[in-house]
Structure formats: C-alpha cells, structure tokens
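Several structures are given next for inspection.
First subunit A sits with subunit B, and in the next complex the same chain sits with subunit C.
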Partner chain A sequence: MKNISDSIPKVDAHEKLSGSAKYVSDYMLEDMHYAKTVRSPHAKAKIKAIHIPTLKPGVHVFGAKDIPAKNHVNMIFDDWPVFAEETVNHVGEPVLLVVAPDRKLLKETVDAIQVEYDPLTPEFSLKAFAVHKAFKKGDAEKAFSEADEIIEETYETGYQEQAYIEPQGFIGTYEDGKTTLIGSIQCPYYVKNALLVTLGCAENEVQVIQAEVGGAFGGKEEFPSLMACQLAIAVRTLKKPIKMIYEREEDMAVTTKRHPSKTRMRAAIKDGRVQAIEAHVSLDAGAYTGLSGVVLSRAMLAVSSAYTIPNLDVSGHAYITNTVPNGAFRGFGAPQMIFAIEMFMHHIGKALGDDPYHFRRKHLVKQGDLTATAGIYRDPILMDKMIDKATAMADYHKKVHAYNAPDVYRGIGMSWFLHGCGFTGSGEAEHIKSKVRLRKDEANRVHILVAAVDMGQGAKTTLRKVVAHVLKLPLDQVIFDNPDTDRVPDSGPTVASRTAMIVGGLLARAAEKLKTSWEDGVAYTVEEQYKQPDYIKWDEDTMQGDAYPAYSWGVNIVEVAVDPVTYQVDVIGIWSVYDVGKALDERIIMGQADGGQAQGVAYGYLEVMAHKQGVLQHKNMTDYIIPTSVDMAPTENVVIDNPYAFGPYGAKGAGELSLVGGAPAVAQAIEQAIGKKICKIPATPEHIEELMRRESH
Partner chain B sequence: MRHIIPETLEEALHVIAQGPTIKLAGGTDIMVKHRASQGLAAKLRQDVVYLLNVPDLHYIRKEDNGLRIGGMVPIETLLHHDDVPKILRDTLLDFASPGLRYVATLAGNIANASPAGDALVTLYALDALVRLKSLERTRDVPIEAVIVGPSQTTIQDDELIESVFLPDASFTHTEWRKVGTRRADAISKVAFTGCVTLDNDIVQDIRLAFGAVFKTVYRNRSLEKALIGQHRHDVVKQSDALCEKYLENIAPIDDQRSNASYRNTVTKNLLKAFIEKLS
Partner chain C sequence: MKAIEFTLNDELVTVDLQPHMRLLDVLREHFLLTGPKEGCGEGECGACAVLLDGHIVNSCLLPLANVHKRHVTTIEHFSRSKRYQVIEEAMIYEGGVQCGICTPGMVIAIESLLNKDPNPSDAAIRIGLSGNLCRCTGYNMIVKAVKRAASKGEGLW
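So, the complex of A and B:
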C-alpha cells in the first residue's frame, strides 16, 4: 500500500482556484436583508440614552433588551456580553444591531442612531486581573538560595492580527421554527452552544453550517459566536434571511487578536546550568476574559519549552483593560512564552560567557524527563537529530561564527520548541468528549461526519485520506461535506492542533470498525468517542501532570541581513525540521511549514499593531504589514517520522508548531546582526534604530 | 453625477472647462479615497472624467533637451522604456506591485501630492516640469510649484496634467532608496534620491531629494548650490554638517507606519551614505 505521506492534490484546490467555492458572502437569498452593528466610540462609558430615529419600513433595531435568555457569549468565561447593556468597555463594542432590506438604508440608519454616553476613565495598563494561575516544579526557592548567580530579564511581545483573507461573516435564515446560521467559522458547535445559551431555545431550533472558510488562524474560534448570537436574535424575530459580513476595517478594529504579553524571567545558575526558573507572564486580555485563561495556561505550560529545567516557579495573570478583547490565534499563548524562554536561554548562555548554542544544548529535553508540570515525556524525542540536521542544512555553525565579526550586519538565529497537541490538560476527556461518525451508504460510499472545518489547512484532504487508506477505498468513495450541526456529531472545535491527531485518530478507529463489519450495499453508521490514554493524569487546580497527550517538536533557523543605513531586516533564509509524528500528506505539511513560519517570523520582526487610548492605529491592510512573497526568504523544510501511537498512522499536531518558534529565531538573528540585545518584538527598524541610538550615546 | 469618457485630449479639456470634476487616471488613489461602505458604489460626488485611455496622453517622446512623457503612460510602461532615465526606472521598480503599476500613472502620483509619493522624489531631483493644459492655456510648471502640501496642488479645475518633461541630465552617480514598511506594496517611511555629477573630482551638479519627511518632497537648492564647485573630498568632510542642516529643515512625523526619530536618523544615514560614496 502506498505511503500515506505521499502528496495528493488538495481536494478543495479546484473549487477554490476556479472560484466555485461558496463563501458566506457568495450566498444570495430571496428577500435577503443586511445587518450592521452600532458600536461604542468610547473605551469606557456609561450608556445614558439611545435615540433611534423613526425607522423606514423594513428597518429594525435590536439590542440587549431583545435577548431572549442570557446576555453573554457562551465561552469559558461568561463575561462577554452579546450587546452592551449599561456600560461599554472598549472602542467598537457592539451596542445595537440594525437590519435593513438594503445596504444604503442600513448605512443611513446606523449613521442616524444616536447613543448618548457618559465617558468614564478607561484603564489601559495591566492593573486588574481576571485570571491568575500558578504552578511549581521541584524546589525553585532552594535553587535560588543556592545559586552562584541569578540572571533576570523581561520580554515583551505585541499584538498580532490573524489577517485571514476573508473577513468574518454570517448569513442567517429561518424556516419552520428553525434558525440556521451559515458562517465563516472554525467551531460549528461553539456557535451552536452559544446560540442555545443566548436564545434559551431547544436544540432543534438552531442549526449551524460552515460555509467555505477563507482563513481563520484562531480568529474564527470564539469571535463568530458573538456575531451569530446577535444575528440569530434578528433572524428569529424577522423570520427573514439576514446577512452580516464585516468589512476589513471593522474586522480589524473589533475582532480578537493575539494577546500582547510581558514575561519576567529569573534564572538560578549553578555550575553553569540553569537550576531553576521563576517566570511570571502577564497577558493583556482586553475588555473581556473570553478564552484568555486558557491562552494563559498554554503560555505558562510552554515555560521551559524544549529544555528540561529541574525547578520552576511559574505564575501568570490575564489582565482586563479597556481594549478590544484578545483571543485565540495559532499558537495560543505559546508564541509569547517561547519567544521569552528562547531569548532568555540564549541570553543566559551569553551572560555566562558560554557559547549559547552549547549552553542551550546542555539543557535540551530527553525522553523520560519531567515536563514543566511534572508529567513525563514518554515518547521518543528526536531533537538531537533534528538540530544536527537543521544546523547542517543552514550551515549554521560556520555562519554563526562568521557573523560574530563586527560590521557584517548579518545574523543567524535558531529556536527549538515543542507544541502540546490537542486541548490543554483534561480538556479533551472532560470538556470536548469528541465524537465522530462514519456513515456508509448503499453505494458503499463512506461519509465522514465530523465538525472539523477545513479553513485552508487541508483537513478535508487529510481526513479523507485517513479513512480511504484504512478502508482501502478510492478517495472519491469517501465524502466529506462541510459540517452542519444537524448532520454531524460534535467532534470538537477545529483548534489546538487537534484535528489530524484527535479527530483523525477517531476516524481511523471508526474506519477500522467499519472495515470489520463491512457489508456491501448496506447503509449503516459507526461511531467513535474520545478516550484519554489511561496513563495521562492531569490535575487542573494544581496544574500538575501531563498537560498534553503528545508533543510535536521543531527547529527553526533564520538568517538575516540588517541594513546599517535603514535598519531594515532582510530575511535571507529559513531552515526548519519538524517532528509531527507522521505527515498525513507531505505537501500539506510543507504548506503549514511555509505559512506558519512566515506568520511566526513576521510576528518577530514585521507585524506591528498598537492602540492609542484604546483605538487601534493599524486599521487596514495598508497599515498592518504582513509579509509579501518578496519579503519571505527561500525556505528548506524537512519533516521526520516519529509516529505517535494514538494518532492516525502516527500523526501528531502540525497546525501551530510552525508558527511558535519563528519569532525567537529571527530576533536572535537580528540581535547578532546589530550586536544589541533584543527583548521585545516585533523588532522593527524603528526598534532597532532606538537600540542603536541608545547605545551610541 | 456623470461618467464621461473623452476620446481625445480636446474633448477632455472641454469637459473639465465646464466646472469641477474628478479627473480619474488609474484610479489607484481615487478609488481608495472615495471608497464607500460594503456593497455601495464609490462616493464620487462630481462628474468623473476618465483620462486613462485618452490616446493623446499616451506617448513618450524625445524633444530638444529632454524627454516628454504623456500624463497617462502607466508606470509599468516607463519601467521598460529605454529612454526613461535609469534613476526614474530604479524608483518605479519599487512602486506598489506589478498589478498596480499597469494602471497607476505619473500624473496621478503628482496630482495626488502625497509627501510619500515615490515617483515625486525622483521627479523633484530631475527638475521635472509639469505641463498643465486647459482649453485656454498651456503652462510648464516646475514640480515644486505644482505641489504645495499634502493633497494640495496649484492645478486648476480646468487644467489637467498633459505631460511631464524631464530635462536632459547625465550624472556620474545616482541613487534611489525606498524605505518602505516592507519590501513590496508598501508606503514609504522615508525615500531618497541622490544624483551627482563630477568632473575632475569637482562637483558640477548635485541633487538631493527626500520623501515622507516633510509636507512635500524636500529638496534644498541653496544647500546643493553650496556644494557645487567643491572637490569631492571636501564635500565628504562636510557630510555631518550637511546632514545636520537637512535635519534642521525637514519635519518628519510620528504615524502608524513609523516615527519621527526613525525618519530623522534614516534621513541622516541615507544622506551620509550617499555623500560618503564620493570619497
């Protein structure tokens, strides 16, 4: 049988390239209305009065008072209102939703509505926290008291915008008592569950269907639930199809972004080794907590990344500020922490006068070591081999030596990292309880029934391949239509690098079941549900045990040239080696590698977003700079096999891994090129200019 | 509001003579500026005159003492035309992206009068003369007298940019540097054009133009003049002092793309690097 890793054309390539793929804005329904949000211009204010002008026929306005049940978006933290009620807490917070039969009338009505506010004093600094978490490993206190030396640094990271090609959008329809929402989403059941809570209706009164998704990167994990709840209220009342598509500016101004962070790290050094690290990470959650607590967990769990540090004292806060809520974004807290720890280990190595490379390598994780939370790295770790491979590909050792010479303005940086696959802790077993089905029809075609979304990452191709391979069926006998909550069970959200490993693993098991029971020409369905491997133990309260069932690993090397006249950074080359267990399709993994690296490296040196008094200054794709093909360097990526027992054909998570190490690799390269320490990203030309100026004075 | 597509220059001049209109060339500034919200037509509140395809404005012609470029020649065409001075082609290669360059024009860049207009920096350095034409008159105006501030020009409602004239000049050394927010499809944070002519090590001609650090492109003829007639080594010796003089005069701003400090430093570095090449 063929190797599953052998690439096939992506199953959705043709419809996307030919333009036949149907995105939510392509839906045109009879008597379709349009919706637009009235938003707060204030970062914090009391709503004094709302003045709605006489509405033209067909125009309607909805707000907090129209919510049938709960005025919050169902998430882990229930502090995020569907519509602001008494106060607004960030610029752009939704106050009302206007629906009109045409867009001109819609715009005119939105502009004519007057909301009176009493401005309050907003908070932009990290003062009030909504979430606090902490865990320890070993005895950090003792290690600090016995240390030869203590080294301390603080690392900062900025916002990052997902910049998916397709802005957020939904269309809602109503038929026979059922409200259906078709949207650009990652998590059909998150949306459905949010609707049930806000509408207070029965299961069968709402249905959620995924339209083709033009990119998501985490940005369509929790935010769509907010839009869906608002729209559903209007759809159920008016019983008409209503469309709400954000414009780029609206999308960038009000949707979730990557949390800005500040991480203080202290290390206790003895005998040339890091004996303990004390780390405190602060995340800016924005106005509402949302998923920030889980993002904080993942950040904290990545504290020692690919190193084994015997003693740890880790804590974190997610702070509430009067800014747009931050949320899920590929990497989910890990990029912030991996930037901090990779720079810190490098900086410690330098401070100790050791070669940072050798210093770091001394601390590298080995199979059987204890994780940050005293779980066990049970599976083989191939990092030694991967580092050797990557350094050889990049000619790292020669370059790192050559670029130490003054005035060459070149640098090469390297990051080592892991990414926990699937939900943190007991999330998979206790919260998600993923369920998948395979339905076989009379024509012996097999239908994949899962809630997993293909947002460009290739889930449709890889999941079909898995099922087809197990059943030894041609690919076109295996059908995978976009999820519809009336048709598919809840196999969980399409997040956390879990789809191939967890959903794919369940599908492989279901396919085995189907294979054993196969009856030609008979229609029936098989089901599988997630069971945690017994050896996985996790205590949510103390954050102790196995935080993840498996880890994917990676090495990134980035080479740059910095222009000494303009401080512009030219990325010259990127070399990477990844262990994702087993590639379910080589080309798809290479796509993830190239895309993730571009996004991760750009996070480190290019992508800038900032707010002034709660107003984001980077309002569109002219202001918010993501790399073009001209900015990206040639890449050389290698994937090595290290099959994981519970993944389909050994596959582990691959979606986030390629992003999380980009920033420290490019930052280290820039650091070498300019001979100045970098503790803050993005390391823009403006930041480099500041570093150069500071020292030359 | 009417959409008017003139077929000749003559016809276009008649249309614009009747009152204020929107003169649309490639539309790459206009359509952005007048964008309406989703699904609604652009907010064009005056008659729109489509100039891009007026054949009379599509020529590149050698004249006595210089090159004349029709106002509606797309940037991409200039990029591949041998008669276009190298320094201008170097500049245009950094302009937007290929797709944009097929419709964007020099006339549009001039009339848009952005301090960050890339072509403008080099047009200033080349002493470009802008030919403004109305039914009544034709005037050849130096580019710095056409552009007076951000989005402000001295072009009258009844006038259009018929062509741009580049007086002949040959330089010993030229340099174009665009410092954008990224390497393609980016707005300049700082831009620089330097041209110098040496004869027996003596500066015969020097032109230094800066983009995005002042309300218009910045060029200081008296500072340039002071360098003419000097030995190149003497000019190099003054590079720091010269940089200081430029920094006193430019007025860069903080915005979402960059900040004044960076723009000052980079302006200085670019100038210094250019001058030091004379050593």
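So, the complex of A and C:
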C-alpha cells in the first residue's frame, strides 16, 4: 500500500459473496418470538377504544400505556410518538405491538385486534408549518429594485424511497437485566439514546449492536430508533428474544422517504448576470417533524450550489401533513434544491438568449468567494478543470449542438454541484462531539473502536486502511468489528458524508498518537475527540458563517434518447468528474460514484411515489420502480485529487455527492430531447406527454 | 401427504413440511441456509435466488412441492465450486460488492447466465442480471465482473 488511493479487496467481500455475512434476519435464536405492529388505517383519527381478544398463551400486546418513560422517539424534534396515544396522524402510524411465539399466531392476533376510531379531517396540503428558517446574503432587495429583468420559476420534486434491498429489522434479547438490540442501523448511538429516553433506564441496561446492513441510504438513520423503542419495551417485559423484520410492503408503507418539495425562485438580472436570488423552499415533512428541520437547512444552504450569487434572500418551511413522516435520504435536502438551482440557472441562460453553458459558467464559484451564508470557500476549487474534463469525456459540446435540431429526440444535460461535508453548521462541534478510540492489544493488533457502520459504502475497508497506513501495519493487524455500544465510544452517526472525513480524520490522529507512544507487547488505548478548526464560525440562529468545514464537488453529464411515441426515456450514457479530496480507495469511490448517480438520475426520471388521501400508492418493488441493470447506462467516472488539510490523507465527503446532481442532469437532457421546459421531477412519460400536449395547443 | 424429497446442495433430503411453504422459508428456517435473502417476497428483487436444476429461480415464489425430485443449489454450496471462485475474484476486482444483500442472488444469476451463455455480450449480461435488483452499485461494476469472469473462467462454463 504505497498510495492510500490504491484499491485493495474489500475486507468483507468474501463473506458477502458467499452468503455467510450475517444480516439481522439471519439470526435464529432459541425460543425466538416474533413481533408485528398494529397500525392506523386512517390519516387522522381519534382512537376511541381498543378491543383486544382473549390472548392465546405466549401472546402479548404492548402500546403507549406500557412505555416506562417518554413516549417520543428521541431525535432533533421530539414530536414523534413511539405508539399513538389519543390520536393517529398518518396511515400506518403504530398503535400496538403484538408478540407471539410463531408467525401464524402473530398474524391471527393482529387480525383479531379491533381498534375503534373517530375519523377526523386530515390535512394533505402545505398549510401548517413546524419549522421556518431564513437567511440573507448581501442586499437582495436592492438588487431586485435595480434589476433589468426579473425571472421567476417554481420547481417541484416528488417522493423518493430509499429502497434498500434489505428491509428494516431488529432482534432483541434479554440477559442479566440488559436488553440488547441487534439491528440493521446506521446510527447505533441514536438507537441507544432513544432507548434511554423511552425506557428511562440506566445506561448499562441497554446495548445496541449493528448487524450487517443490507443498504440504508439514510433510511436507517432515524427510523430504526422508533422500531427499537417499541421492541425493547416487549423484550424487557417478556425477557425473551423477539424478532421484528418488516416485510417489503410494511417497510415501504411506513418508513421515512425523501421529502417532496416545491421551490419558488426569483432572480434579479442585471448586465446579463444574476445579481440576486430570492428562494423559498417548502418541504412536506409528513405527520411528525423528526429530522425535517435539518433537512430543510441543508436544502436552503445548497441554494446557490456551485455558483456565486452576490445577494440572496432564502427562506423555507417544513410543513406538517397527515402523511408518513419523511426523513433522511442520501443528500438530505440538497437533491431538491440542486435540482431547482441547476434548472433555474439553465432556464435563465436560455431566457436571456445566452448559451446556458456560458451563462452558467460565468457564475461558477471561485476559491475565496463567499458562500450562500457568507462563509468562505477557503480551499482550492477545481471546477473549471473538472468541467473541461467531463465535457471532453462526454463529447458534450458536439452533442449539445447536434441535438438542438428538431425531431432528434436526443438530449444531453449537465449539472455542476457541491456537497457540504459533515454535519451542518455547529452540529459536529456542539451536538456530536465525536469520540474515537484505538485499542492496542498485547499481540500488537490494533482494534478500531468507533460507532461508524459499514452499510456497503466500504467504511470497514477504508477506516482500516487509514489506521494501517499511519501505523505501517499489515491490514490484518488492524481489526474493525461491527459497532456495539458496550464496546465502542460514540463517534457519531453514519450520515452526512462524515465517516471518512470526520471519523477517518480522528482515527488518523489517534493512530499518530499510538505510533508515537507505541510499546511492543503492551495493551493500551488511545482516544481522540473532534475539535472544530478555529476558523470555522457558524451562527445557528442567523444561519451565517461557515455551514460546513469543507465541500466536495462534482460534474454530471447525462445523455438520453426519448421515444417520440411513448416518451419513454432511455439513459444512454453518464459521465462524471468528482473532487472528494483524496480517494481513500479508488475502487470504493468509483462504487459510490456509480451507485449514487444511479439513484440521482433515477430520481429525476424514473422513481415515482405518490399518495392518495395519505395512502401511498406505490407499495412494493413492483409498483415502485428502481433501475435494473437494463435501465442503467454505461458510465465513465473520474476522481481528481484535491487533498483537504483536515481530512485523513486529504479525504473529504464522498457518499452523498454522487447523488445530488443526477436529477438536473437527466432533466436537462430530457428537456433538450423534447424541446419543452422541465420544472418538475420525476420526468416520467406521463409528465412528458402532458408537457407535449400543453404546449402544442 | 407424501413427504417431499429433493436434492439440496448435493444431498438427498426428505422433509415433512407443508407443500405450499415457500422454498425460501424452508431453506432459511428449516435448513438454516441464510445465504438466500428476502428482499421483497414477491419475485421482484432476486435476493432469494437459488439454482433449480442449474437455472435461476426466485425461492420466495416457489412452493416447496415444486422442488420434489429436483436439484436445489444455494450459494452455500455453490460457493465451494471452482466457478464460484472465478466469479468471486471478478466481483472483487471490479468492485461489484457493496452492502452485500443482493450479492448471493447476484452470484447465482451470474452462474445461471454463464451456464446459458459462456461469452455474453454487454446487452446479454444486462438482460441476464435484470431480475436481480441492486440499489448500491448502479450495476456497471457487476456487468464488468461478469465480463471478467467469462474471460478468466474460459472453459469452466
């Protein structure tokens, strides 16, 4: 391993390929019971009465009255109940949990329980907000008053379902006064802290262990805490192992999704440049706020994406509706806003009669510019080089010219974007306070003790590489077992593209410490805790300052063919260039690139989810279409080096970056192919048909 | 009711279970073969794929009765073969493994595809894998792995 970026075989590849990796549903324990949730069929209703039939031996029912301490799931906003108490606020809201020794009895009992409701009038439109945020940069009002021209558009995005192939699940066990939950989770300490709040128990009475995670994409960030609280109540009471694995339909119907959004944008134009943007983003949070306020922040902070706009007036609301709560999904608000700004800049360029490519390019961010929140882009920005590289790879300029001819039904689109690495604002320094440990044993093996989860993104491989590289140890001397809260400190959740940069950075420092103090044959532990670089200043209330310690950058180009009769979209090719600082393993980064952009592009044209009166209409993998191998086009991705001083070996965030630019790139390509403006995704054949019909009258 | 008899991973087995049970549940819960995974339970995702007489099937859709007198091979057994070794090397080399939940099914799909077509074109590979959903990789690295396995494993299929 000379260069950290040189790829090595993923450390868990063999067990995953051969089927021996152990996911939560693979645990089979003696005397194992099963649990299933009784859920609301109403979008909004008062619970009048609950009728529980005479229960067969071994069958038990739990609900709000059995919660020992707080009936809410501990997260940023504490409004999400573990079990509904007096009212239900969305279809699928949990009311009771049934436990039985076998699945047949479980289903019979769930079916026999009668909950009487008084239906109330649900709200599905964006009227009542739970969170409002706003910030300004420069003097937008003045820029609008002096504008030559004002351009306004509204952009809409739909739901997106994480569609991890492994549904959510936990197994809980009880031994010697301790409740242990093994689950498919991204954030062991989120789950543990939620258990402490809901159970009101001592810290040593609960333990959370991560099983192999079969995909997460944000979907296993906050939702598992809800499941864990319900299950733990039953496990502590019955003192038996209980398994709760969602079936696909239950998973799709009740777990969090990407927030549908509506963004209104106005631009003040003077001398052929955007002098100011006024933007307002509305997110549909669903029935409970959960993480929506933070998702809203990230959406707003992405308002000018890879462009420098001198004056901004940005506001946003997260609205409560009687629908399934929305939450974390790779990109976390940024995909909605980056769709809006990329389309908007493109549309403004066209409206001004300029070549949108040149128009956009003259607004591109440069090192030293002020960010949307008047922080500073301190580090080198290589976007000029990246754009030139991507356009050459895709033969963009030739194609974009050729496809401008009518009746070609081909198009090529390009997006430029950034992604803030790590938690927004003061999150890392004030809320997370990440702590990592390295334990050296007497055999001189080094154990990585962090709460970071490998959910497929390769954390086990890259973090081991970082430590082995610093210590100049062979990889098999560095050990990383799945996190267990009894063994590892809270290094924070596995979210926000923070694992390589923040946790990896701390591990690199801990490894340096170990290296300096190294004593052969002696067992000891070293610890490191996150410290924000002094120059990072952020004011949460005014949303001013450096929203992120660093930014990763990307360029996506997507080429499509649209069928002139069916309007079916075929993605023909994807070309991308990414700056993630330094790849800690090039092949792993290529995997993040390919997989993320598949999700991002599909978000723009393929993946449809909608609800009717609060009931999601896309219930399973048949209804909710994700790309198959036939849908995905060949890709060409390049990663360039731009090492970041505070990342391990220069690494910045990489996990979310590849998703956030896919939708506008494919939407611009479709726009060119059909010759109509696209302001709403997914751009399905039905939507394209509507656009074609609307303007042909 | 007649007991159901089939060859499971090269061993003759007889089971006295409900004939309409899903093969997936029989494999996972009766034989503790947890390599086949349940992703959707409706034959869309392919995570539960096994070989039935050498061809890929979704074990979540197959009633136990349908395997009577037939040969079922799961990843646990296939992973001991030489052809598996070639697929494993190619999947690792090309980066075809991320979260791993689709992976055993994907390996079964690759084996089934190469059995039918030892030198598949890119288009044939994409069609051959289209019954197996992967949410992590975007498929390209898996497509490349099939190409590599086909060339490295010359003569094995």
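Miscellaneous remarks
The rule is simple: the second predicted complex is superposed on the first by the 696 of 697 C-alpha atoms of A that agree within 3 Å, B and C clash if a C-alpha of one lies under 4 Å from a C-alpha of the other, contacts with A are read in each partner's own complex, and residues count from 1 in each chain.
By definition in this document, contacts are C-beta pairs under 8 Å (C-beta built on N, C-alpha and C of every residue); 3 or more make two chains touch, one makes a residue touch a chain.
None of the values given here were measured: they were computed from a predicted structure.
Of the two partner chains placed around the shared chain by superposition, subunit B and subunit C are both touched by A:622.
Shared-chain residue A:590: touches subunit C; no touch with subunit B. Once the two complexes are overlaid on the shared chain, A:566 sits against subunit B while remaining clear of subunit C. Residue contacts after overlaying the shared chain place A:458 against subunit C, while subunit B stays out of touching range. Of the two partner chains placed by superposition, A:56 touches none, neither subunit B nor subunit C.
Once the two complexes are overlaid on the shared chain, A:630 sits against subunit B and subunit C alike. Once chain A of one complex is fitted onto chain A of the other, the partner contacts of A:46 are absent, as it touches neither subunit B nor subunit C. When subunit A is checked against subunit B and against subunit C, the one touching more of its residues turns out to be C. Looking at the shared chain after the overlay, A:163 reaches subunit C, while subunit B stays out of its contact range.
By the touch criterion defined above, A:142 lies against neither subunit B nor subunit C after alignment on the C-alpha atoms of chain A. Touching of subunit A by both subunit B and subunit C, each in its own complex, is seen for residues 247, 622, 627-630.
Those residues of subunit B that touch subunit A in the shared complex are 37-40, 97, 177, 179, 181-187, 189-190, 256-259, 261-262, 265-266, 269-270, 273. In the complex of the two chains, the subunit A residues touching subunit B come out as 34, 103-104, 107, 245, 247, 564-568, 570, 606, 610, 617-619, 622-623, 625, 627-631, 685-686, 689-690, 693.
Taken together, the subunit C residues at the contact with subunit A in this complex read 28-29, 32, 34-42, 44-45, 47, 74-76, 79, 84, 87-88, 91-92, 95, 97-104, 107, 122, 125-127, 129-143. Across the interface of their complex, subunit C is touched by residues 7, 9-10, 12-23, 25-26, 28, 162-167, 212-217, 247-248, 455-458, 587-588, 590-591, 594-599, 620-622, 626-630, 632, 634-635 of subunit A.
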